[in-house]
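Paired with chain B in one complex and with chain C in the other, chain A is shared by the two complexes that follow.
Presenting the complex of A and B:
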């Protein structure tokens, strides 16, 4: 928010006041980062192992219960963490309130859509493997 | 707001090259930012040749040499000339610092550029307008706040509690840290910046202060506090060797502590 030329410095510094929020965002970002410290190495290791074994072997691997659970958890933590990070980038660089709000909403939509797609794909392999 | 280019009329152009001092053998070239609101037009880079045998040992000495011997119109702030007042903060060879404690021997080779602190409006030459910076410092209410009736003599503090303030109370409010912070460049109207937050923490952990909760309330904001992305420029440039980024991290810890 910017004001006209006769506003006092204190008016600008105080702005709209403290939002009394942000700590929850900070905690979520750190906690999802901690989860990713464990999940990402497992995911990378598994992907590298699965490479070259062919499509069917990879599908069978993803269909095993433990792998499916960890895959969904990895995608969940990563996409959740990405949404928080993208939110900060948008807040940092986009000043116009309308544009910023639009991008923040799109960010949420895109991340949720991405997670649902990944989760359902893995579930399909899991359920398909048990059939 | 991110501005990848300078606003119209703000890009410095090539300026005047001032004559070399007569009879000097140890010359060094300085490129100094000049802007005069009376003259208008774009700022410019003026080139000065300084006789290093006669210019003292610090960058402030160079500026005084130029002002006394070459160009009396060069404007800059200075007062204590010993790293206590913070007036002569400026950007020297690409790094914010105070001119009075920056020695020649710390400088890189080649031409030395001297510019005002980045991202702030320029009043004249090397003098930035720090109005917003001071208002943000006032926002954190940098003074003792209590509800207990004042003791007859003094508010007591243990030696250990006093030690907590070391590395914080030394801040001279020169604004080197705040104006070196990219997050402050983009969102300086809303983000309080490293200097104000270091001062905020200095009062948050003062054992005598009774307004810790209210102070945290006033800071808990996605922009006022959480724009710090631990870029660490603040700690890198602080001429007093303080670490504002660490103070900000500790404020974030306090925020977490009171919700979990």
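Presenting the complex of A and C:
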């Protein structure tokens, strides 16, 4: 849509869509998805085994360096991915600005708190295992 | 995106009730529903990891919840959601990256496959945890 020779690029772009951070969001969502393709199968298999193995075996499992690293990586990629996903859901369905902003902030806080909680728990298990 | 409510005249995509229900539509909706479910599921998994790090008393409580019948149902639904979102997520990446899987026939077949994969796969996982 052009208004002739003397219009600025901004004038041409205005009204034709969002000029915010959509592309970056899209790429982040996909890059974290690619990481999760590798992490999730390991996580599914391991966590189900650990849940059925009893506390001591589960603690020993989480305390091994490789498992601790993969656990924190999985939590990082998964929580990053779900924060982005929930952001889109909130933006799609909540139209009232105040409610929307509140939920978006809450989403960020919850995800960051969740990651810190997992990371600290895994660190404790890792240190507790004396590795 | 964030900000002011819609005041512009850009066309909106047709709402749900306009469409005749079809497989790829169901697959898309399910992708979002499983995504939101997994969001809350992650809090439950985190609770288990925290209990594991906290100690015996706390862990015994949560182990009781996981092995109870309702805990097992939640575990099954969690596995369904993970497998579905995983398979359908790969399909999204194949759409975006190599640009394959767009023909209606393929897209419908993959949608159906994702559902079967999720429900049967999760049932197989649950069976394996019980018998192996």
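Structure notes:
In this text, the second predicted complex is superposed on the first by the 110 of 131 C-alpha atoms of A that agree within 3 Å, B and C clash if a C-alpha of one lies under 4 Å from a C-alpha of the other, contacts with A are read in each partner's own complex, and residues count from 1 in each chain.
Just so it is clear, contacts are C-beta pairs under 8 Å (C-beta built on N, C-alpha and C of every residue); 3 or more make two chains touch, one makes a residue touch a chain.
This structure is a prediction, so every number in the text was calculated from the model and none was measured.
Once the two complexes are laid over each other on the shared chain, residue contacts for A:91 go to chain B and to chain C alike.
Put simply, more of the residues of chain A are touched by C, taking chain B and chain C as the two choices. Of the two partner chains, both chain B and chain C are touched by A:20. With both structures placed on the common chain, the touch criterion links A:100 to chain C but leaves chain B unconnected.
Touch criterion met: A:51 reaches chain C, while chain B stays clear of it. Of the two partner chains placed by superposition, only chain C is touched by A:117; chain B is not. Legend: residue contacts after superposition of the two complexes on their common chain; A:66 is shown touching neither chain B nor chain C.
In the three-chain superposition model, chain A touches both chain B and chain C at residues 15, 18, 20, 22, 91, 95.
Of all residues in chain A, only 1-2, 8-10, 12-15, 18-27, 88, 91-93, 95 touch chain B in the complex they form.
By the touch criterion given at the top, residues 15, 17-18, 20, 22, 30, 33-34, 36-37, 40, 44, 47-48, 51-52, 55, 58-59, 62, 71, 75, 78-79, 82, 85-86, 89, 91, 95-97, 100-101, 104, 114, 117-118, 120-122, 124-125, 128 of chain A touch chain C in their complex. Interface of chain C with chain A (complex): residues 1-6, 8, 10, 32, 35-36, 38-39, 42-43, 45-46, 48-50, 52-53, 56, 59-60, 63, 66, 79, 82, 86, 89-90, 92-93, 96, 125, 129.
Residues 1-2, 131-132, 134-136, 138-139, 183, 186-187, 189-190, 217-227, 229, 252, 255-256, 259-260 of chain B are the ones touching chain A in the complex.
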